[in-house]
Amino acid sequence: MPDLGKYVTEVLLAYGVSIAILATLVAMSWRQSRRVRRDLEAAEARKNG
Amino acid sequence: MRQPCYRSSPVLSVQNLAVARGGATVLAGLSFDVPAGEALILRGPNGVGKTTLLRTLAGLQGAVSGHFECPADEGAYASHADAVKSALTVEENLQFWADIYGNAVPDMVWDQFDIRDLQTRIAGTLSAGQKRRLGLARLGVIKRKVLFLDEPTVSLDGFSVRLFADYLRDQHLAQGGIAIIATHVDLDLAATTLELEPFTATDHQTDTGDEAFL
Amino acid sequence: MRQPCYRSSPVLSVQNLAVARGGATVLAGLSFDVPAGEALILRGPNGVGKTTLLRTLAGLQGAVSGHFECPADEGAYASHADAVKSALTVEENLQFWADIYGNAVPDMVWDQFDIRDLQTRIAGTLSAGQKRRLGLARLGVIKRKVLFLDEPTVSLDGFSVRLFADYLRDQHLAQGGIAIIATHVDLDLAATTLELEPFTATDHQTDTGDEAFL
Amino acid sequence: MTIMSMWEYANPKRFMGWTGHVLPWAFGGAAVCLTVGLIWGFFFTPDEMRQGSTVKIIYLHVPAALMAINAWIMMLVASLIWLVRRHHVSALAAKAAAPVGVTMTLIALATGAIWGQPMWGTYWAWDPRLTSFMILFLFYLGYMALWAAIDDPDMAADLTSVLCMVGSVFALMSRYAVNFWNQGLHQGASLSLDKEKNVADVFYQPLLFAIAGFVLLFFALVLLRTRTEIRTRRLRALIRREGQ
Amino acid sequence: MIALLHRDLLLATRAGGGFGLGLVFFLIVVVLVPFGVGPETAILSRIAPGILWVAALLAALLSLDRIFALDHEDGSLSLLATAPIPLEAVAVIKAAAHWLTTGVPLAIAAPVLGVLLHLDPSAFGFVVVTLLLGTPALSVIGTFGAALTVGIRRGGLLLSLIVLPLYVPTLIFGAEAVRRGVDGQDTATPLLMLGGITAGAVALLPFATAAVLRMNLR
Amino acid sequence: MIALLHRDLLLATRAGGGFGLGLVFFLIVVVLVPFGVGPETAILSRIAPGILWVAALLAALLSLDRIFALDHEDGSLSLLATAPIPLEAVAVIKAAAHWLTTGVPLAIAAPVLGVLLHLDPSAFGFVVVTLLLGTPALSVIGTFGAALTVGIRRGGLLLSLIVLPLYVPTLIFGAEAVRRGVDGQDTATPLLMLGGITAGAVALLPFATAAVLRMNLR
C-alpha cells in the first residue's frame, strides 16, 4: 500500500466508486447477456423440436 | 339528486324517469321493469339519449326526476371506452379488476371471450376488436348481476358478436342476471326492445339546473 | 419502403402486397384492382389486418413487399378516430378541412350527413353517433376520389347508415370515385367483397424488420 | 476472389460470428491493460508536488472522460449509418453504447467531484468542462429514455438517430456557450502534442495503459451488449412466430 | 385496494410510465438555474435551499396530471367509481402511489443535487427531512387538484395553476426550516408547521378529493 | 396553411385551450421563488434575470406537449399528413402558433413580473428584447421535441428531458445578455449568438421535425 498522505479518503473513494460502477456495468451486461442467451436457446429448441 | 339503489332481489324498476345531458333533459317519462334473467335492448337514433340513460342507471349521474330501484352493489357499466391499460398485458388487465372486486379470474373467460391466445400480449398492441373483447371480458370477471352496456359490440366481427350474445344468454341471464343494452345492431337475444324516441323530452321538460332562471 | 402513387386515371391496383403491424407481417399476397366508380368491402375477423391494410394503402405506413398504384393526391383516410376538435363548432371543424384542401364547404353536406341541426353546436357536446357523422362529413368536404374507410358506420343508427350508403353510392361512386371499406356490418352497396382471412401471412412470410435476425 | 464490403460484417449473423471470437480477447485485453495501468499508477508512481497523492485519480478520471465523449461520437456515427444504410446492427450498437457511455460520464463526474474537494475546495464548480459534461450526461439520459419509451424497435432506431444528430449539434453549441458564460478552473488538455505542458512521463506511461484499458473495455462491453440486443430481437421474432 | 396500489406502481415503472422522470425534471431545473443566474458560488449556495424546494415542488406538480387523467381517458375511472371500494380509498391510494414514485425519490436525490448548487453541508440533513415531511402534503394536495381538473382534456397547465397556490404554505415552511437550520436558528416551529400541514392534508383532503371526483363523473 | 395557423390560434384561445396558462405558470414560478429563497431585495434583484429566463423556459416547455399530441390523439395528424400541405409547413406553423400563444405573451409580461423580483430598472428592456429574440428558438426546438415524442402516451416529462438540454445555449446567451446589460458590459456578442441560434433553429429544425413526424406516423 503506497502512502497516500492526507488524501487517503479521496483517492480510495475515487478508486472504490469507479471500480464499483464499472463492475456493476459489467455484471449487469453479463447477466442480461446470459439471460437473453438462455431464453433464446429455449426458444430455438422449441422451434426446432 | 342521486337515486338510492335499494337492496332487493335483482330486479330493475324504473318509474317516470327523466335524464339530462349538458343541462338539457333529453329523455322523460320512462317507466319499465326488468325482471331477473331478462335483458332490455335500448334502441333509438343517434343522440336520443341512450348513453345518458345508461350512465344515470349506473349511478354515474343524477336523474332529473322520477326514480329507479336496482339491487345495491350489483351494477356494472361498460361504456364506449374499454378501460384497458395499454401498458399492461391482457392477463394483468383482467387480474386487476378481479382483485378490485375480490374475485379470481375464472378460467372460462379466456375461451368465452376468445382471448386465450392473447393472454400475455401487451394490451396496447391489440386491434380494435381484440381490445373490445378484452373490455367485455371484464364483465365475466367482476360477475355483477346488473349490466349496463353501451354499444358493447362496436368493432366486433360477426363471430365475436355471437360469442358475446352466447355469453349473455347462457351465462349471465341464465344465472338470473339483468342486462340493459344500448345497441344499433341485432344481438340475437330473446329480449324486450325499448324504442326511446317516443320519450324524447318535449320543450317544457327541457330544463334542469337552469329552471330557476326561467 | 414507401410505395409511390403514380398519377393516372382513378384506378387502384394492388399487386402481391404484404403489410405489417408491430413488426409482424399480417397479410400477404394481396392482389386486386378497383376501377373507377366501384367500391371494395374488406371483411375478416378482428385482428386480421384490415386497419393495417388501409393505413398502408393511404400511405401512412410502408408496405413489406409488393406494390400498389393509386392516383396521386387523391387518397383520403378515415380511421377509427374522428379527427374532430371538441372545442370547435361543427361548422368550424368542416371549414378547417375545407381550407386545408382549398375547397369551400358544399352546402349539400349538411343534409347529406344529417348535421344541419348541429351546425353551430360545439363538437364536444355531440353524442357518439353525431360525432361520427361529423367525421364522415369531412369526406364530403375534401372531395377526394379514393376513400379508405375504416369501420365508418360504427355508432351510427340504421337511418344514418343508410344515409351514408346513399352518399357513397349516389355521390361518390357515381362521380367515378373509389372506396375501400373495412366493415363488419352490411352497407347495402353493390360492391365486391374481399374476404381477408385467406391472405393471413403464413410462417415464412411473418417477418419484416426482424427478418435480418432470422 | 470477391472483395467483401465492410458491410458484410454488419449482417447480424456474421456479426455474431466474428464477435464471438473477438469478445474474449477484448475482455482479456481490457483486463490486462486496466490491471497494469491502474496498479502501476496506484502503487508505483510518485506523488505530484502540488496535488499530492490525488494525482492518482487521473488514471480513472481522464480515461473515463475520454471514453464518455468517444462513446457519444460512436453513437453518432452508428446513427448515421443506420439512417443512410439501414444496417440493423449499427442501430443496435448505438443503443448498446449509450449505457456504457453514460457510465463513463458518471465515473468522470464522480472522480472529478472527489478530486475537486481537495484541489479546489468544492465538489462541484460550474466550470465549462465540468458543465459540458453535465449536459452530456443529460443528453445520454434523454437518448436512453427515448429508446426505452418506444415499442417498435425500428421506429425507435429512427427517432433516436435523429435525436442523436440534432443533440450533437446542440451539445457543441452548449460547449461554446458554456465557455462564454464562465471561464473555469479546470486543467487544460495535457495529452496535447506540446511536450512542455504535458504531464511528466512518470504519470504519462501508466495513464496510456489505463486509457488503452478503458478503450478495450468500452469496445468489449459494446460488443457484448450489441450481441444481447441482437439476440433480443431474434427472440422477439421467434416468440412472435410461436404466437401465430 | 392493494391491487390498485400495485397496479399504479406497476404502471409507473413500466416503459413510458413516468417513474424517474420527475427525478430527471428535478435534476434539470437544478442544472438550469446556474445557467440563468450565473456560476458564482456565494449566490448559488445562498439560494440553494429555496431552489431545491421550488424544483421539487415543480417536479411533483408535473407528474400530477397522470394521477387521474389516464384512468379517466380509458374509462377506468368510471368503473372504479362503481366498483366496491370507496372513492376516498381510491384518492388515498392514488396519492400514496404518487408519493412513492415522486416524493420519496426526490427526497433521496436532493442532497446529491444540492452539491451542484453548493448547498451548505450542514443543510443536507434538513433538506432530506423537510422533503420527506412535506412531499406527502404535496401529493395529497396535488391529487385533489388532479381530481378537480380530471374532466378537462390536457388540463395540465390549469392543474398547475390551481395547485400551486395551495402549495405555498408547504413551500414556505419547508424552505424556511432548511434556511434556519443552516443559520443555526430554531427549526422546531417551521418543522412543526410542516408536519401539521401534512397531517391535516392527509387526514382531510381525500374526502374532498372523493367528493370532487363524484362531481366530475356526473 | 393560414387555415392551420388560424385553427391553432382559435383552439388555443377557446376555453380549455391553454392560452394564457403558460403566462400564469410564469407568474407562479416567479412568485414561488421569493417564498423559497427568502425576501431579501439584494439577492432577489441579483438573481432576477436568471429566474425570469428559467421561468419563461419552463413555461414554454410545459405547453409543448399540446403542439402535436392533441392532433395525434384525435386522428387529425394522420389526416394532415395525407393532406395537400407539406409536413415541413405543418412543423413551421405549429411552432409559429406556439410562439404566438406562449413566447410573445411571456416577453410582454416579463417586465411586470420583473418588478416582483426587484429587477434592476435598466434591465427591463434587455429582458424583453432577449425574450423576443430567444423564444422563437424555444418554440422551434420544442416543436422538434414534441414531434419526437408524439407517439408516446403522456410523453410530457420525457419531452422535457429531451428538450431541456437543447435549450441550454439559448438560456445561457439570453440570461447572460441581460446580466451584461445590467452591468453595463458589452451585450453585442450574446445578443448576436442568441439571434444566430434562433435563425439557425428556425431555418433548419423544421426539416428534422417533419422527418421525425413521418417516422412517427408510419
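To keep things simple, chains are lettered A, B, C, D, E and F as they appear, and every chain counts its residues starting from 1.
The rule is simple: contacts are C-beta pairs under 8 Å (C-beta built on N, C-alpha and C of every residue); 3 or more make two chains touch, one makes a residue touch a chain.
None of these values were measured; they are calculated from a predicted model.
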{"item": "Identity of the chain that, by mean CA position, is farthest from chain E", "value": "C"}
{"item": "Interface ranked first by C-beta contact pairs", "value": "E-F"}
{"item": "Averaged-CA centre spacing for the pair chain C and chain A, given as whole angstrom", "value": "52"}
{"item": "Whole-Å gap separating chain B and chain E, where each centre is the average of the chain's CA atoms", "value": "37"}
{"item": "Averaged-CA centre spacing for the pair chain D and chain B, given as whole angstrom", "value": "57"}
{"item": "Touching two or more other chains - residues of chain F", "value": "16, 152-153, 155, 158, 161, 164-165, 168, 172, 218"}
{"item": "In chain C, residues with contacts to at least two other chains", "value": "22, 80, 86"}
{"item": "Multi-partner residues of chain D (each touching 2 or more other chains)", "value": "135, 138, 141, 145, 149, 151, 181, 234, 238, 241"}
{"item": "Residues of chain F touching chain D in the complex", "value": "144, 148-149, 151-152, 155, 158, 161-162, 164-166, 168-169, 172-173, 176, 189-190, 193, 197, 205, 208, 211-212, 215-216, 218"}
{"item": "Chain D - residues contacting chain E, complex", "value": "113, 122-126, 134-135, 138, 141, 145, 148-149, 151, 181-182"}
{"item": "Residues of chain E touching chain B in the complex", "value": "2-4, 6-7, 10-11, 14-17, 73-76, 78-85, 217-218"}
{"item": "Chain D to chain A touching residues, read off their complex", "value": "38, 42-44, 47, 52-54, 56-57, 60-61, 64, 99-100, 103, 106-107, 110-111, 114-115, 117-118, 217, 221, 224-225, 227-228, 231-232, 234-235, 238-239, 241-242"}
{"item": "In the complex, chain C residues that touch chain F", "value": "58-62, 73, 75-77, 79-88, 92, 96-97, 99-102, 138, 142"}
